[in-house]
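We call the chains A, B, C and D, going by the order they appear; numbering starts again at 1 in every chain.
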Amino acid sequence: MSLLKTEVAGIYFENPLILASGILDENGYTMKKILQEGAAGVVTKSIGTVERTGYRPPIVAEVTGGLLNAVGLPNPGIDSFGEEIKVALEAGKPVIGSIFGGGVQEFVDLAIKMEGYGANAIELNLSCPHVKGVGSEVGSDPALVTDIVTEIKKRVKIPVFAKLSPNVTDMLEIAIAAEAADALVMINTVRGLAIDVYARKPVLSNTYGGLSGKAIKNIGLRYVYEVKMETGKEIIGVGGIENAEDAIEYIMAGSSAVQLGTVLYKKGRQAFAEISSGITQFMKSEGFGSIKEMVGAALP
Amino acid sequence: MSLLKTEVAGIYFENPLILASGILDENGYTMKKILQEGAAGVVTKSIGTVERTGYRPPIVAEVTGGLLNAVGLPNPGIDSFGEEIKVALEAGKPVIGSIFGGGVQEFVDLAIKMEGYGANAIELNLSCPHVKGVGSEVGSDPALVTDIVTEIKKRVKIPVFAKLSPNVTDMLEIAIAAEAADALVMINTVRGLAIDVYARKPVLSNTYGGLSGKAIKNIGLRYVYEVKMETGKEIIGVGGIENAEDAIEYIMAGSSAVQLGTVLYKKGRQAFAEISSGITQFMKSEGFGSIKEMVGAALP
Amino acid sequence: MIHSTITGIERVSPTTVSIRFPWEAAVLPGQFIMVWIPGLGEIPISLSHIGDIKGITIKSFGPTSEALTKMKEGDRIFFRGPYGRPFTQVKGKILVVGGGSGMAGLLPLINSDTVGVVSARTKDELLFVDRFLEGNVIKVTDDGSAGIKGIAVDGLKGLDLQKFTKMYICGPELMLRSVYRYIREIDVDAEFSLERLMKCGIGVCDSCSIDGYQLCRDGPTFSKKQISGMHEFGAFKLTESGKRIALPK
Amino acid sequence: MIHSTITGIERVSPTTVSIRFPWEAAVLPGQFIMVWIPGLGEIPISLSHIGDIKGITIKSFGPTSEALTKMKEGDRIFFRGPYGRPFTQVKGKILVVGGGSGMAGLLPLINSDTVGVVSARTKDELLFVDRFLEGNVIKVTDDGSAGIKGIAVDGLKGLDLQKFTKMYICGPELMLRSVYRYIREIDVDAEFSLERLMKCGIGVCDSCSIDGYQLCRDGPTFSKKQISGMHEFGAFKLTESGKRIALPK
């Protein structure tokens, strides 16, 4: 197992596989189980200030190469989330608290509360709708991203990860804006739509959704590679990782760890154990002595 | 067959399936054959001012759900392309000339020459690198898009289609900037990367490439739906169409016709005949009397 | 989405109908589908009929289930699935215990030898009692309008449970809890089909989870032994927002 | 990309080597792979050996093929495929006609009964002449250093072609053209393996097309009848940029 150990922003992970935000991470018992079954860490569902029920189902559509989801950020509100973190922490592995908000102060308040609950790091979900802009996301406004990240860094001691959205013209610009973050997480889902031609209607109740899974793997890889090359920052890669080779691609593109989401729909929770063992096999047969040696190996 | 007829900007197509730019459309004989075998129209490879050999192979990588390509816009230069158009036109169906350039004047000159060769419409490939901007594309600069489209419209009589790139924060803004175009073509490929973990290197000689095929279908649908809803413009949908249902999804999202590219790698040239017959079957069993009835049927 | 055309509708109680539609798919007892009413919603429903002409049996609780109960022959039905772990089937005599619409998912298990305890609020809502041979069914109603007045577990008290190779129980969680507590110490094998909020049906949203298990994937059927290890069973659930609430003791 | 490790290298002429590597895939005579040298390039190469230990035979023309000829046992080889329409195989006596490295793709067709016409610039470059039984091979060299002095078609002139069930021809397009013109009026079945610029290998880039057919998908093998209908065969080709140029008459 020690072959697989890695570190991000000083946090130790026994292997490079972390549960992605929004997948099986609303209930503390689920997170605990996933950690016990092989994940090296979990990111919680994105938590906001007030309780939200999210969109009514259909909230997911199975599409070729992945899922389209519009869950609508359901969450009990930060004040009701402490219990879940507590249960998840019983597994004795890192729990990363994901938060979302519409502005700087909201993000700061959420981060402080997450830290209070014992989260080992904060992940900023910057893909929520922009309160000021119309239709665009918080994560497409570089100045706002800088403000959020810088303010939070001043107010909490645990590491802060900024999760970037691919729905922008220039993610590199946003990555640079998030300079103060301890690490970057990329990518969130890509906006998409699915229509049922027999119903003659969009499938999701929210019409649009976020595309995840294999379909976005090569898009995520592109961003990790480009941002790693240009900024050198620590990166956690996410998007379409479904087997060991996918994870290794992300690592060689510059990720120090990766997150798994949609694969759980294909393979169930055992995806963690299966992919871990695949990475070990690869490292042994290809002569890699540590994850670190592989990080960015495909960069020029 | 007349069940399938459609029209875009006054151009008659015997069915809604058009060959997408860049796939099997460098050689006039290939375009002619594809038209004879069932395509209702073809778009030529994007042609520029001067001859370019393109990137050295590997120029394509087969990835899950599609292809990643970085062909590098090889083309003989507009002055050597007349012969190919002439041969393609022998099939007696619409030939759309795709052009790319770095600025307004270049686009205008290319359009005039394409019209001179007898092309039935011009398609503007706005996804090429921006001469002024660093790394960004012509198609991410709304003012430039407006200038290009408006100028060309003044100088040529045939319809002008603007092909939009999805690699932007807000495609709607660009669609509005392209107001003067007779129709919009969306989407071009999504930037991506593939790594071979055994070679520890990106696969494409150009490192980055454009993702096409099923992987981008739900992304393309989202843009077609959103832009149709907001602008009402005529749209030609493209991106990941591999069967009749995919084509119908695009039509119901608001496309008056669609283009096929990557499916040719999966199914060969017979994709046109196969998808046409699938659409006919669907229309008969679902009681649609014309393509027009289906256009935008899934819009609210 | 899969779609089919409704070939038959049968009213099985004042608030409940069975909808039949052709669908060529291998489905096992205990599995469910996510039924979509375009523009309205999507809900999990067990398959009550698993032959070539599949069937679901729906009780009207809210907007989506109500719309389903109003569908007509010839209408199109949209759904995805089948999902979930089926019941483990055994040779030998079995007992099914169904509360309210919970009987729907148990229907495919019933044969001429099966014994049933069927409970409901009132007589009219007792489902599928006619599917058991005369004398093989015990009725239980909240209001005493038929059979025993009481709750499902009261129907068990007159039976020698150890006679059965296996019990299958399906109904609201509080009913499952009382049955579980009653049979905990009795030497009888049992499988429970749980019901919780289900948003995705495919193991990603966590809305249906109980003690880390996803009902939609690892369940909805769980063995007595699995249930015995669960902290959340009959004790806590998460609401639509993910807020943890305690169930009535 | 697929990868394998080279288990054997054999020099078959001063400029040509065969590389052997294990690859479990069903490959038929006439098919090819796209071989990738990371950081350098990717080129189409016919499979000269189609058993469990596959093989390719490469002549050094430019940077990528040269790098291949310099590979060593134990090196890793990257490729994708197999691609292309294989030769149609027949029962009966066959004649293979190979020019230069064109012999590589014909190798899997050769058996003890096969007759061959092998041409090359010079004696040292005649490939695989030892694979034919004594007397079954006609050598042709440009410089007359072995066999007939002349071009491939000169090697055919002494043969009664109608004796053969089928002819298979592989080599540069101008050689194919001269053979085609020679056999056009002769009653003998023939299949040609064409060679054109190939950038994608999978039927999308149009660089390999001839009269609307993609060599990489519809070919590289074409029947005499197909060739007879082609305007571009032996007449025009497109360069790397897609510029149409006439071939020497």
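Some observations on this one:
Quick note on the criterion: contacts are C-beta pairs under 8 Å (C-beta built on N, C-alpha and C of every residue); 3 or more make two chains touch, one makes a residue touch a chain.
Quick caveat, the model's predicted, so the values are computed rather than measured.
Common neighbours of chain A and chain C, by the contact definition above: there are none. Each chain gets a centre from the mean of its Cα atoms; the one farthest from the centre of chain A is D. For the pair chain B and chain D, the distance between C-alpha centroids works out to 36 Å. Centroids built from CA atoms put chain C at 51 Å from chain B.
Averaged C-alpha coordinates put the centre of chain C at 66 Å from the centre of chain D. In chain A, the positions touching at least two other chains are 198, 201.
In chain C, no residue reaches two or more other chains under the touch definition.
If you sketch which chains touch which, the chains link end to end in a single open path, with no loop closing it. Contacting chain pairs (ordered by label): A-B, A-C, B-D. Residues 63-65, 68, 135-136, 140, 167-170, 190-195, 197-198, 200-202, 207-208, 211, 214-219, 221-222, 225-226, 245, 248-249, 252-253, 282, 286, 297-298 of chain B are the ones touching chain A in the complex.
Residues 1, 3, 34, 36, 38-39, 41-43, 76, 78, 80, 199-207, 209-214, 217, 231-232, 238-244 of chain D are the ones touching chain B in the complex. Across the complex, chain D is touched by residues 23-27, 29-30, 32-34, 45, 51-54, 56-60, 62, 67, 69, 71, 74-77, 80, 83-84, 196, 198-199, 201, 203, 205, 261-262, 264-265, 268 of chain B.
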